[in-house]
Structure formats: structure tokens, C-alpha cells
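Have a look at this one before I ask anything.
Which chain is which? They are A, B, C and D, in the order written, and residues in each are numbered from 1.
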Amino acid sequence: MNELRTILTETCTRLFTDHVTTAVLEAAEKGEWPAALWQALEENGLTLPQVPEARGGAGGSWNDAFVVLMAAGRFAAPVPLAETMLAGSILAEAGLDAPLGPMTVAPAHIDEGLSLARQGSGWTLSGRATRVPWGARAEHVVVVADAGGSPMIALVAGGHAKAEADGSLAREPRDTLVWSGAPVVAAAPLRGRLGPRPVWAGGALVRSAQMAGGLEFLLAQSVKYVTERKQFGRPLAAFQAIQQNLALLAGHTAAAGMAAQQAFHVVERTGEGGDATFEIAVAKVRTGEAAGLGAGIAHQAHGAIGFTYEHSLHFVTRRLWSWRAEFGAESHWSVALGREVAARGAEALWPHMVSR
Amino acid sequence: MNELRTILTETCTRLFTDHVTTAVLEAAEKGEWPAALWQALEENGLTLPQVPEARGGAGGSWNDAFVVLMAAGRFAAPVPLAETMLAGSILAEAGLDAPLGPMTVAPAHIDEGLSLARQGSGWTLSGRATRVPWGARAEHVVVVADAGGSPMIALVAGGHAKAEADGSLAREPRDTLVWSGAPVVAAAPLRGRLGPRPVWAGGALVRSAQMAGGLEFLLAQSVKYVTERKQFGRPLAAFQAIQQNLALLAGHTAAAGMAAQQAFHVVERTGEGGDATFEIAVAKVRTGEAAGLGAGIAHQAHGAIGFTYEHSLHFVTRRLWSWRAEFGAESHWSVALGREVAARGAEALWPHMVSR
Amino acid sequence: LAAGAPVSAHWVADRQSGPLLLRFGTEEQRQRFLPRISRGELAFAIGMSEPDSGSDLASIRTRAEKVSGGYKVNGTKIWTSNAHLSEYAIALFRTKVVPDKKHEGLSQFLVDLKSPGISIRPIIDLAGGHHFNEVHFQDCLVPDDMLVGKDGEGWKQVTTELGFERSGPERYLSSLQLVIELIREAGKEPGERAAALIGHFTAHLVTLRQMSLSIATMLQAGQNPNLEAAVVKDVGTTFEQEIPEAVHALTGAEPRIGSGTEFEKTLGYLVQHAPSFSLRGGTREVLRGIIARGLGLR
Amino acid sequence: LAAGAPVSAHWVADRQSGPLLLRFGTEEQRQRFLPRISRGELAFAIGMSEPDSGSDLASIRTRAEKVSGGYKVNGTKIWTSNAHLSEYAIALFRTKVVPDKKHEGLSQFLVDLKSPGISIRPIIDLAGGHHFNEVHFQDCLVPDDMLVGKDGEGWKQVTTELGFERSGPERYLSSLQLVIELIREAGKEPGERAAALIGHFTAHLVTLRQMSLSIATMLQAGQNPNLEAAVVKDVGTTFEQEIPEAVHALTGAEPRIGSGTEFEKTLGYLVQHAPSFSLRGGTREVLRGIIARGLGLR
């Protein structure tokens, strides 16, 4: 990690430490919008770090986006930061400008479809999308939709959809949005480095970074807890069984961080027409597995106290359990990855790995 | 376990302690037949414990067979004891007498078939069977074969097949036998408590008992080793990580023993026309999983020393790795079991379990 | 077990009170409580853990001081299951301080939760549920006739209880509902991948049930299968905690609350509660320590 | 890695000698050995473990006593890889006994295995292979110019070596062949069950490779990533040991020796050798202990 990235990490850490308190997290679960947090993120240019300046972003790289999302995951930041970043990128890649304010993406399910229809010189959007992250709260929604057989990217303002509130295990909004001829702000043919399914692949990408960050929290929090807490007359950290488990957690955390980082790195390196699906699949599978195992280890280390609402562990573990399922769980991406590898043939496995 | 069974266990333990020495095991791997061991087993009526006296057996129960096979597994006894027991039972269930001497069963693969043809008032056997345990060494082979569309049980004497030597990971014989019109000693229509595929189901049954016994050895041997061996100035047993691993091994060992015992119990309870396939599938799956995990834990506890040929651990672990694959691995039996459970329906799971 | 509904969380279910009173209760206590217990009218909250005790259950600091006519209790119990719904608790107090021998000087009591000097504070769990409480005792008088068994023998009595706790069928029943939902989801003719998992689960469930039954048989025969019960609990808990993970790995289903299919909601319930399974009746490390001692390793 | 053939077992492969001599060797030692090492003509046996040392690598008892012109060596090394095939060994001896400080007083030497006073006895592994040896030293004279680095600094030098050992790609390469055979077995259009496992393996392999590369980068930058290397080794070994188990669980294939398909034979080879993977460069417990120390737990 170079120096600039270290500075960025520190900025994020400071910002989230100030703005993502237990009170903010609890309030967010009750539906309160953390306005100060969002404002601080925008003021620091952290909502669209990798979007070109010309398109409304901070002009950084996907590697910067990774750093910001890791930090957001570490703090369980209850805002659609990942979704906004992704939405902004999908717009920019299609040659459209990204607006300010929280955004989200739709459809979040691979088997749902939306459609665009011509209206004068513009377009209108119709269709139904379920489990849209922060769907009712986002000021803009970026969608992939079918326009007479061609996939397009479209930007619609919030409030034009009929919204049914729904939520994730972490009580983050996951709303159903229904558009019926809603006006489209801007539209362009789908293109860009996130490939033919930018919401699906990009969603998996951003979730992998959030999960890697969440795991870092679990590790730090578990180490802290077992060092402070005593049992049978000595700190929990003195028990070899605890040490061995946390070492295992450290391994999963390191692996998840590496897998996610590499995916962002390849997305950055890959220009338009390139394809980072291989690395994205690797990242979603590896971070998702680590999230499940890591949450188990962290809860085991914390014992009963981690099972209380009062303790902050669950703000992260409940998110991890949701994130790993969203935009394709391990089962989806591992089958896709396995089929890709098999189609390439046994002898190609290692050469392909080395060539990436 | 009742008193009679305790006595039987002790008899077996004494016999195997005397006759299954490291020298005997090493010689067996080089192809030497442990004649004294076999003779002792026959003299003590342990080769056909559950076969009725009228059919040439000891007139005990399948629960006795379980005890003997557990002990045989514990000592890695390098003789076709399980195969002989199974062969004798298949004969007896079909109303045929069991001969003395080591026997085996064929075909050992579910997708292989043999056929019987009429010759005068008798039959001849033709076909090819691979991986037949002790195929070339057994004095008799009991086969399931097709006789013009009807399945029959047939007894053929050893030496009538063209044999190609092959072996298991544990260097036990697993020979290919080819019969071309070989004379049949006795034949009868297939029937009995082991169901329509007595070699396959019965093979899985006996292997589960052997595996349960093998696991008991691994546990005892590992406990002994870590108690005696010192590292970093204290016995290995003092390390919590070692303790926790061996506790896990104890759990797998207990579960494997229970699963196998229950299968034998239900086979005993089930008369002709009954069906113990459910319990046999449970036993093969549970003992097979335990065998894989248990071998890993035992080797980890033993460290480098367990990796040497000199140490006796591998006589059991190599057998466990083979046994779990034979007569249907976990993958086979779990799919079969899962399909059976699914066909019965979700709500029937618990009632069915309780009804057995 | 009502099919279709996620099982409710009972960390320390009240299956202990009956056997405990049968074994250690006075004739008067039995006559007073057992009929109502057996009719299901009376459940007991269980008060073992204390704020700093964690897995070290014997490190109990709540004092019960002998006074005229009974014991004066001061201290705090935590993780007291269903104290807000129960009339009585079974609680372990320290009646004598024996330096360096924390297992001595403990006694078991039945406590009327409406007694003066008791205050109950809810503990909300991570899924937002309320099953547990912190119970605070301040100069609370517990009458002599509420002592269970002998003064000072509480630890021995409790470990017997834990034996029951460790072997009971809830060791594998908590997650059974998810297996049932998975079978429903997979349909009557599941693919190979789903069938393999269902078969794996079935093999484990059947075996665990047999293991539990064999412990029950030993208990009925008057034996004290503490080691065997610890083994069953460890095997059961480990398996149970694997279930949500394995189901997610197979189906990729999202664990849900409030909305979604029964399958997704059951997954959501269990994913959140699985961490607690290994806490009931001793953490995994403690259980494995008990097993290791039984193996002669410590 | 020759495709189609099971990889050969190297517990402690000789990737250490070059870096070691580059870092700690005298100019004379470098000139004498490095050209032959880089041409692949010269491999070194590694002599660390002793009969009673196990994972406690510092508990070394083989003495190298300073005498005129060199050191007189007495003692026994075990698990000396390929001593029967190598000209030289790199060995760790005790040159000074410092009571209660076992990590002090150790020194590294290059040893000509044809020297008088050395006898080599084979160790046959459970699969019947011969890769390791017991090497016995009786009054064996090792000349002064064969000391590597400083007298008494052997432990520090060795832990650097172990860093290399722990991060190298053989951490995940030993089992790669089985993954390749599995892909071949599954065919170009695998079922969902096989595809999921292949995808899982691929995700882990790719990630491990990246982790190894990042350690290599740190080493090249002159950093000493001992903790990171231990993490990579632990993750890699744990994954590697899971591979044969997972492949068996999927396919039910029988692990074979001598006969059978390439797939079955590779499975047979790996099932037997997997137990050794966690021994190279420290057992799992020791590695996790190192990681725990890095986390501040001990």
C-alpha cells in the first residue's frame, strides 16, 4: 500500500470514527438517515472516488474505491456508499454524468428485468425490482434496462417509483421499486469495464470490499475483547484454543482483503472491453466464505456478550451475512467460475492464473 | 453393551493382540497370508458369528458381528473377515450353507454385472468383477448374478477365475476376477434381509463397523502418543489445541460407533423383507466422514512420527481412506439417502426418524 | 416442535427443574411444584451465569448469607432465561466462601421472582429478541425451605443438571426446522447437489438422536454420563452450527427477517441464533476441555 | 510442475540455500556454491529437526564443539530431506550451551555429507517412499570456513529461512495437480456440483497465489514479513489439506496406488501425503501460535 493510500485510509477512519457511532447505527436501524455522515462523505469526495472529475467524481482510481469501501465495511457505515460509487461508475462508463447525493442500482437480482420505452426524444422506465438497497431513500437510481432488445443504462430520480419497504438482516433498506413509465433523466447504451452485467458484477465487487473490511473489524474487535476479558483467572487471550481460532480468523481476513483488493486492481487495470469477471468471482467467493467462517469465529470468541444487541459486534456480522448473499452468493459465483475454468480445460488452469 | 458382548470384545481383543503384530501387518502388505490369525479366528467361531449354526455359522446375532468387526477394524486385521461374514450371511439368507475358509463377495462395484447359465442341473458363472477384496486369495466367492432376468446368489470356489492382482491403498488385495463358464457350487434365488443388493448394502454395512473400529484405534493411539510425547518442555497433552482436537476426534469416534452399531441393530431386528437401507446409508455416510476427519486429526496429533512407515498409525489410516470409498462412498450414499428423504417429503423427516 | 415456525430460543431450557426436584428436592418441594411442572403450568428461569463469570460457571459471587429463617441474597445474575415470564428461578448462590476452592460453598435455591429485593432488567439479543435478563438481588430473603439439596453441594448438583442440559434433543432440534425447510425447497426430486446435503444432514441427525437416546438410557439406569453427554453436546452443537453455513453454501439463499419465504426466514433466524448454540450448557472450549479430561489428557 | 505426474514430496525443499548464502554466506562460500546452485547442479539437504525436538525446533542438542581448525560435531538429525541424494547439508548445531536460553548458542553450517563420522539411515514414509533420513554425527569435523553467518546467530538466521519456507508457492502447489485432475475428470461442461467445487478451489488458489506474491514483494523490498508468511502458510496448508477431503466428498473416488486412473492415483498420493503438508516449516499449532503472537495475544 503506497503512502497516498495510507492517508486515504486514515481520512476514512477518522471520518467514520466521528460519524458512525453506536447511536447512529441504532438510529439507522430504526430508519433514521445519518445525514451528517453522508454530508461528511460527500464533502471529502469519498462518495465517488473512482469516477472521473469530468463526470462529477473525485478522479481517483478503483484502488481508492477499494480503500474507502474497506473502511466503510469496517465501520458498518449505514449509508449506500457502495451503491453510490457503483452507480456513479456505471454512469461514467456509459458516458453519463453522476449527480450528487445517495444513489443506488437496480435490478439487484439477476433474473429481474426492466424496460425502457421511447417518449419524444427521451425515455421512460417500467418494471419491478426487488431488494433494491436503499431503494426508497436513494435520490437517484441507476438501472440496466432493455430498450427494444439493446441494453441501456438509465438514470432515474428517486420518488418516481412505487416503493414497498423491505429490509436486510442488518435492517438496512432493501426496497421493492415499481416503475410505470417513469421519466428518465439520462440514458446511454450499456458499455464499460464492468462488462455486460455491471450491476450484478459491480455489486459483487463492492460487496467483496465491504466484507473484507467487515472481517478486519471482527479480527480487531475479537483481539481486543479476548485481551481485556478474563476467565478462569486469566485473560481469554491466554487460552491456546482462543489463540488458534483468532489466528484462523486472521488468515481468513488476510485472504479476503487480498482477494477483494486484487479484483479492484484488475478492474482498474482493465480498460473498456476488458473483463475482470474472473477476479470478481474469485473475490465474491473468497470473501463470502471468509465472512461466514469469520462471523462464526468472532461470535465464538465473544461468547454470550456478542449475542447481545448492546454489543456492537452484530452490526458487522449481520451485514456480513447479508452481503455474502447479495449480488450472487458463493454458490452462484463458484458455479460460474467453475464452469469458466472447466470450459478452458484442465491444463489451462495454472497458465490462466499466472496470466492475470 | 451387555455382558456377553463385553466378553466377546475381550476375546477379540486378546486374539488380535496376539496375532496382528506389526510384523504380521508388514508381511501381509508384501502378500503373505496370516494363516495363524485366520486359524485362530475360525477356531473361535469369529468368522461367521451371525450365521445360523444350521448354515455353518456360530449362531449369534448381527450385534455380535458388529463387535467382532469393530475389533478387527481397531487392529487393522489383514484378513477378509468382513467379506467372509458378509458372504456367509448372503448364503444363509438365500438358504445355502456357508463353507469354512476365507470368502469374499462380488461384484464389488454397483455398475458391474455377472451372469449365470444353466448347465445340466447346475449353473456356470461368467463375467468380470474388479476390485474384489482378497479376490485371488479367497477360497470361495459369493456372487450376485443374473440368471435369465432373475437375480441369484451363487457360490463358486476360488481358483476358477482368471485373476489379475490389484490392491488398495493399504496394500490389501483388490483383484480383478474373470469367470468364463466357471462351475457353481451352489445357487439359489436372491432373498434376505440385506435387500435386493446384498453385496453393495452389506459391504457398506461391514465397512462402517470396520471404520468405527479404526477410529477407536486412532483415538486411543493419539491419546497415548500425546500423553507420552513431550514438546516445549511439557507433554503434548498439556496443550489446549491438542486437547481440543482430540476431543473432536472423540466426538467423531463416538458418532461413528453409534451410527454403525445402530445399522447392525436394525439389520438384526429386520427380518426377511425388512429393509435396513436407511440405517446402512446413515452408517456409511457418518463413519466415512468421521474416518476422513479422524485420520486428519490423528495424523496432526502425531506430527512427523505418524508419517513414517515405522509407526503403526498408517496401517489404520490407509485402510480408513480405502474403506470409506468402497461399497459406495459418502457421495453415493448421501445422495441416495437425500433422495429417499426428499421423496418422502419435508414433514415426514422427523416422524420417519422416530419410527425407526 | 411446531412445523413451519422457527423454534424459539431457549438457551437453558427448563427441562431441568423436574429432574432436579425429583433428585434433590424435599418431599414438600416435590409436592408443591412437580404437579404444576408436569402439567406445563410452571416454568423456571435459570440463574447460573454472573456478569464476570463467562464460561467459568463456578466463579460465582452472588452471596446467600444465612440469617434467621432463610438466606439474605445480594448480587447479580445475568443471562437468566425468561425471568420476565417465570414465577420462580432456580439459582446458584455462594453460601460460604472457601478461599481457593471456588467449587465449594455453593448452594442451589428456588427463588420466588416476585420477592422484595429483586429487580429484573431485560437483555435484548442481536436479533432484537428478549429471552434473557439481568436479575439483581438486594437483601432479598429466600426462606430455608427453598434450599434445594444440601447447603454447599450446589456445584455437584448443578453439574448433574448440566449433564441433562448437554444431552437433550434440543442439541440438534434448533436447526432441524431449517433442514425441513431445505427439503421442502429442494422438492420431491432434488438435484444431486441438494440430495447430497440432505443425506448428509439426515445421517448426522439420525446419529445424534441415537446418541441422545443412549444418554437418556444411561441416566435412567442411574448412571452419571457426564463425559458422554459432553461428547453428544459438542458433536451436536458443532453440527448444528454448520447447518446454516452449509445451507447457504448450497442455495445461496439470503437470510431474511420479516419478509421472504419460510425458508429464507428460517435461515435468517438460525444464522443469527447459531452463535448462541454453543453457549448453552458451556462453550465449545469448556466442553472440549471436559472431554479432554475424560480422555485423560488433563 | 510437470502436468500429469504427482508432484514429488519435498517437505523442506531446497529453496533456502541460495537466499541463505546470498544473505549470510562469506564471499568465498558464495563463489564456491552459488554458481552450481543456480545451474541446478547442487542441492542441499536440510538438517533442522532432532529426534526429540518435534515442533520445538530450537531444542537442539547436536553439539558442534570448537576445536582447532573447525568444529567437532556429535549428535543426530532426523527428517533430513534427501540426505541420501545430496552432497551437502545445511544444518543447525549448538555451538554454545546457554542455560534456559535455548535460542542462543546455535550456529548454521554447511556440511559435506561425505565427511568421516557421518552415517545416514533412511526413513521410509507411510506411502513407502524414501525422502528423509536420520543423519548421525560422531566426532565429525566441520571446517571453520563452513560456518554460515555468525557463530551463535543460527536461530535468527534460521527464522529468516523459515520465512521463505513458509511463503513459497509449494504451499499450495502440492495439491494443485489434484485440482487439475478433477477438472479433467469433470469435463468441459461439469455439473453444478462439480463446477461449484472447482470454482471454490480456483478462488482459493488465485488468492493464495496473490498472497504469496505479496510476501515475495515484501522480501524483495528488504522487509521481514515473518507474520505475513506464517499467515499465508497456515491459510495455504489448511486449504491444501482440505482438497483431497473435498474431492473425495464430491466424487467418491477411491484413492489408489499403482493402478487406476491418473485422477485416482493423484488422489491416492495426496491423501497419503496431506498429513505431511502441515509439518513443513512448522506444525499448524506452532504457526498459529506465531500468528497469535503477531496479533498481540501472547
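By definition in this document, a residue touches a chain if its C-beta (ideal position, glycine included) is under 8 Å from a C-beta of that chain, and two chains touch if they have at least 3 such contacts.
Here the structure is a predicted model, which is why all the values come from computation and not from measurement.
Interface equivalence for A-D, evaluated over B-D, B-C or A-C, points to B-C, where over half of the contact pairs coincide by residue number. Across A-C and B-C, the chain pair carrying more C-beta contacts is B-C. Chain A and chain B have Cα centroids lying 51 Å from one another.
Between the Cα centres of chain C and chain D there is a gap of 47 Å. Mean C-alpha positions place chain A and chain C at a centre distance of 38 Å.
Chain B and chain C have centres, each the mean of its CA atoms, that are 39 Å apart. The set of chain B residues that touch two or more partner chains comprises 239-242, 244, 330-331. Among the residues of chain C, those in touch with two or more other chains are 192, 196, 285, 288. Residue ranges on chain A touching chain C, taken from their complex, read 131, 166-169, 171, 229-233, 236, 239, 241-242, 292-293, 295-296, 299-300, 303-304, 306-311, 313-314, 317-318, 321-322, 324-326, 328-332.
By the touch criterion given at the top, residues 219, 223, 226-227, 237-238, 240, 242-244, 246-248, 250-252, 254-255, 258-259, 262, 279, 281-282, 285-286, 289, 330-331, 333-339, 341-343, 345-347, 349-350, 353-354, 356 of chain B touch chain C in their complex.
On the side of chain D, the complex with chain B involves touching residues 49, 52-56, 59, 78-79, 123-126, 128, 241, 245, 248-259, 268, 271-272, 274-276, 278-279, 283-285, 288. Residues 191-193, 196 of chain C touch chain D in their complex. Looking at the complex, you find that chain C touches chain B at residues 1, 3, 176, 179-181, 183-184, 186-190, 192, 194-200, 202-211, 214, 228, 231-232, 234-235, 238, 285, 287-289, 291-292, 294-298.
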